[in-house]
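Note that the chains are named A, B, C and D in the order they appear, and that numbering of residues resets to 1 at the start of each chain.
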Amino acid sequence: MKYITFILIQTARNFKQAWSSQLMTLLTVSLSVLFFTFFFLIYNNMLQAASRLGDELRLIVYLDEEVQPSLQAGYEKKIRDFSEVEKIIFISPQESFEQLKKQLGNDRDVLDDLDASFLPHSIEIYLKHDLKNLSRIKEFSEYLSTLPSTMKVQYGQGWIERFSYFMNLLRMIVLLSGTLLALTATFMVSYTIRLTLVARQEELEVFRMLGATNSFIKGPVLIEGFLQGFLGSILGLTALYFCYLWIQDHFSGPVFLNLFEFSFLALPQVLVILFTSILLCTGGSLVSIRKYVSI
Amino acid sequence: MKYITFILIQTARNFKQAWSSQLMTLLTVSLSVLFFTFFFLIYNNMLQAASRLGDELRLIVYLDEEVQPSLQAGYEKKIRDFSEVEKIIFISPQESFEQLKKQLGNDRDVLDDLDASFLPHSIEIYLKHDLKNLSRIKEFSEYLSTLPSTMKVQYGQGWIERFSYFMNLLRMIVLLSGTLLALTATFMVSYTIRLTLVARQEELEVFRMLGATNSFIKGPVLIEGFLQGFLGSILGLTALYFCYLWIQDHFSGPVFLNLFEFSFLALPQVLVILFTSILLCTGGSLVSIRKYVSI
Amino acid sequence: MELTESTLLLDVVKVSKTYPPDVIALDDISFDIQKGEIVFLTGRSGAGKTTLLKLICCLEKPTRGYIEIGGNDLSKIKPVSIQKLRQHIGVAYQNFRLLPKLTVFQNIAMPLEVCYMDRKNIRTRVHELLDALDIIEKINVRTDKLSRGEQQRVAIARAAANKPSLLLADEPTGNLDSASTSRVMDLFQHLNSEGATIMIATHDESIYKKTRHRIFNLEQGQLQLIQTEAVA
Amino acid sequence: MELTESTLLLDVVKVSKTYPPDVIALDDISFDIQKGEIVFLTGRSGAGKTTLLKLICCLEKPTRGYIEIGGNDLSKIKPVSIQKLRQHIGVAYQNFRLLPKLTVFQNIAMPLEVCYMDRKNIRTRVHELLDALDIIEKINVRTDKLSRGEQQRVAIARAAANKPSLLLADEPTGNLDSASTSRVMDLFQHLNSEGATIMIATHDESIYKKTRHRIFNLEQGQLQLIQTEAVA
C-alpha cells in the first residue's frame, strides 16, 4: 500500500513538473497512432472497394464446340486449378442470343432474321474478388486460351488491365507510406520518451544516490509509459474516427455508398493497436531508463 | 572578417558539442520533407494517371435526325458551354456501321444483309482529361439529353461512374494525409529545434551574461538553421528520388509505362521545397531564441 | 543491509583511484573509522577529498584496493545491496545536487520517501532539521530561489534526514557565515551523539582547529594523520 | 559604452529589491565606489549580497531606486548598451556558471571571444591567468571533470579574463584552501594595480581581516559601513 501511494505521488509530481514535455509525448503518440491507423483504414477499405469493383471481373471463353455435361466437371477443375474462382457458368448459343437481344434493347430487331446458331458456345467465369486475382487476370486469360476447344477468351481487357495496374500502384503507395509512417512513429515516440527521461535524468540520478531501489525508480516511469500509450492511442483513434466520419459524410449518396461501404476498424484491431502502443511506450521508457540512468 | 571567423568557430563547436541532437533535427527535417514531397509526388502523378485513364471518357449522343453542317457550330457551342471538351465528332450512320463491322471482327457477316440506315446519327464527345470533368460526367450526360433531337446519351456508365467516385475518394485521402503530414512536419521540426535550443539555453545565457551582442548570439543559430533546412531537404529529396526509382522499377513493362508515366518533381517545385524548409528552420530557430533566452 | 556488530564501520584498504587518462587522485590509501567517530579530512584543492568520499558512497569504483562498510566489501555486494546501503549513508555533496524545481521540503523528503517513511513522520523530521539549520521560513520555496548558503544548508539537511549511520559532508560550510557554520556543527554533534559516524572534508580551519577528533590530510594522493584523537 | 572621466565608478542610490511574493532582500541601500577601490561586502547567509551584485551587473532589476555605473543609469540605457557594459564588468558567480561540456580554456576564452579578441591573444591571456591561479595543467580538461575548488578558480579566471574595469567576486574562496586563496587575492591585487575596481562578497574573515579597504556589512536588507578605508 505504502509503495503504491508513493509511486502515485511521484507520478503526479513528475507530471506537474514536466507536464509540457509529457503533453508533447502524448501528442506524438496520438499523432503516430492516428497516422498509422489512418493508413491501415485506407488500405483495408481499398481492398474492399477493389473487391466490389471486381464485380465486373468476368471472363468469357468462347468455344468451338459444345462442352458435354459429362466433361463440364473436368473443365471446371482445370480452371479452378489455376485461380480461385467465384462461379463458372456454361452458356449455350440460345442463352447468349437472349442476352444479346436484351443488350441491344430497342435495336433488337436487327437480330429478328437471325438464328442463335451463329453464336458460339461459351463459359462465363466470375473471379473471386481480390487484388491478387485482378492483377493476374492477363495470365489467367492466357491460360484459358490453352484449354481444349477454346476459340477466344474475352474480358473487359482495356479498362480492367489498366485498373489492375492502377490498383497495384496504389497498393504499393499505401504500403510504402505505411512503412515510412511506422518507422517515423517509432522514431518519434522513442525520441520524445528519451527526451522526457533526459530531462528527468538528474532527478533519477539523485534518487539513485539517495538509495532508491529499482522498483521505486521504475514504478512511476512504468505508470507514465502506460498512461502515455493508453491515452495516446485513445486520442489517436478518436481523431481517426472523426476523420472516418468526415470521409463518410462527404461520400454519402446512393451510388457511392453502394460501391464503397467505407467501414471503420473492427474491435479486435482497435484492441491490438491499443495494446501495441502501450507496450511500445512502457517498453521504450524502461529501455531509456536503463540507458540514461547509469548509477 | 573577425566576426565571421568567430561565428564559424562557434557553429563548429556547437555542432561538436550537440551533434546528436543536431543530427536528430536533421533527420526530422529530412523525414518531414520526404513525407511531404512523397505525397505531393503521388498526388501529381495521380492526376496525370487520371487523365490517361480518361482516354475512354467518350460520350455518345444518339440523335433522331441528322445535324445539318450549318447547325453543327451551334451544337458545339452549346456543349462547350457546359464543360471543357477535347473534341467533338459528328458521325453519320455509315461511319457507325463501319465501326460496328470492325468491332464485330470475325462475326461481321451478321451485318451482311443489313443497311446502315438502321443506325442513328450520333455525336462523339471527348472530354478534357481531368478529375473535375470525370466527376461531373453524370450531370453532363443529363445536360446532353436536354439538347434538341437527342434520342439517348451513352457512356461507359458503369465503370466510369465508379471510377470517378473512386478517384474522388483517393483525392480526398491524399489531401487529408497531406494536410496531416504537413501539420506533423511543422510540429516535429519546431519541437526539435526548440529542444536543441533548450539544451543550449544555458550556454546562450552565459554568453549573454558575458556581454555577447545580439549578432554574436544569433549568427551561429542562423547558420545552423540554414544548414538544417538545406541539408535536411536535400536529404529528404534524395530519399524521395530513390523511392521514385523504386516505384518506377517495379512498374516497368510496356503496358504500364504507357499508362502511368510516373514522373519526378519539376525543378521549380524542388527549389520551392528547398527554400521553404530553409525558411522554416531559420525562422523557427530565431523565434525560439527570443522565447528561451530572456536575459 | 544490516551492518555488523563490530565497532569497525569503515575500512579502506590500499585504495587507489586514477581518472582517465592519467589523473592520480588517490594513491594507495589505507585507514579505518570506528563507529561513532567524527573524522576530518583536509587537503589542498584537488587533493582528492571528494574522490575519496565518492568511493565510500559507491559513486565511483576504486582502481585498486577495496573498501568495507560494516563488514561488506563494496566491490562484491550486489546492486540491490548497494541501494540499501546508501539509505544508511547520508551525503552532503560539495555541489549540493539539489533538485532546483522542487521545494526545500520536497528535496529533504526525498531520502525519506526512498525508504517509504509515512507523510506525517516526514513532515516532523523536515521541520526539525530546518529549525536546527535556521531556514524554516524557506520550507516551501523552490531551491533555485534560495541563496547559495541556504542551498548548502538544505543539502546538509537532506544528508542528515534519514538519521544515517554514516554521514559524509563535503565542504559543508564553504558558503556559510560563522553563525550558520556553528549551527551546522551543532547539528553534526547532535547526530553524532545519536550514534552517527561523521566524516567531514573541509578547508575551513575554524571548524576543526579546536576539536579533539582525528584529522587526516591528503597530499598528492597520500593520506597522513595530522592529529590523533585526544583521550577525553 | 565608454565610462566617463569622473572618479566615481559605481553609484547605488536608495535601491530596494523585493522578490515575489514578499522576500525583502535589499531595503533602501545607498553607497558609492570610486575607481580603483577594493571593497568587501559581508553579511550572513541570505543577507542579500548576491542580490546586490546581480543588480549591479543587470541580471536583476531593482524594485526601487537606481544604479549608475560610470555615469550611466542602468534603468535607462538600451539593451545594446547593457551588453557593451557587461563586457567591462567581470563577474565570478557564486555558483560559477561554467559550461560543463567545454574545457577550461574554452570557458575562460568566452568573454574574450565575445569582444572578438584574436586567437593568439586569447591563448596568451588564458595561460597567464591559469598560471597565476595554479591550474595550468587542467587547461584542456572539461570543467565537469574538475574538483570544485578548481572550478572556482576557473570561474575567477573567466571573470578576470577581459581585464574588466569592475570585477564582482561572489564568495570567491568558499571552496579554496589557504594557499589557493592567497593566489586568488594576489590576482585581485594585481588586477587592482592595473586599474580595476573590485568588489568582493565573502564570509571568509581571513581575506578581509587584515586589509585596509572599506568593508560593508549587509544585515536584514540594510547596509552598514563597518570599516572605513585607512589612509596609507
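We take it that contacts are C-beta pairs under 8 Å (C-beta built on N, C-alpha and C of every residue); 3 or more make two chains touch, one makes a residue touch a chain.
Owing to the predicted nature of the structure, the values given are computational and were not obtained by experimental measurement.
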{"item": "Relative to chain D, chain with the most remote C-alpha centre", "value": "A"}
{"item": "Centre distance in Å when chain A and chain D are each reduced to the mean of their C-alpha atoms", "value": "68"}
{"item": "Separation of chain A from chain C, taking each centre as the mean of its C-alpha atoms, in whole Å", "value": "62"}
{"item": "Chain C and chain D, separation of their C-alpha mean positions in angstrom", "value": "31"}
{"item": "Centroid distance [mean C-alpha coordinates] between chain B and chain A, Å", "value": "23"}
{"item": "Where chain B touches two or more other chains, by residue", "value": "none"}
{"item": "Per-residue overlap in chain D, given as positions that touch at least 2 other chains", "value": "none"}
{"item": "Topology of the chain contact graph, where touching chains are joined (line, ring, star, complete, other)", "value": "ring"}
{"item": "Chains that touch, pairwise", "value": "A-B, A-C, B-D, C-D"}
{"item": "Complex contacts: residues of chain D adjacent to chain C", "value": "19, 42-46, 50, 94-95, 135, 145-150, 152-153, 171, 174-180, 203, 205"}
{"item": "Residue numbers on chain A that touch chain B, as the complex places them", "value": "24, 27, 31, 34-35, 38-39, 42, 49, 53, 56, 107, 109-110, 113-114, 118, 156, 158-159, 161-163, 165-166, 168-170, 172-173, 176-177, 180, 184, 187-188, 191, 195, 243, 247, 250-251, 255-256, 259-260"}
{"item": "Chain D contact footprint on chain B (complex, rising order)", "value": "2-3, 6, 9-10, 13, 17, 202-203, 206-214, 216, 295"}
{"item": "Of all residues in chain C, those that touch chain A in their complex", "value": "57, 59, 80, 83-89, 91, 97, 99, 101-102, 106, 110-111, 113-116, 118, 158"}
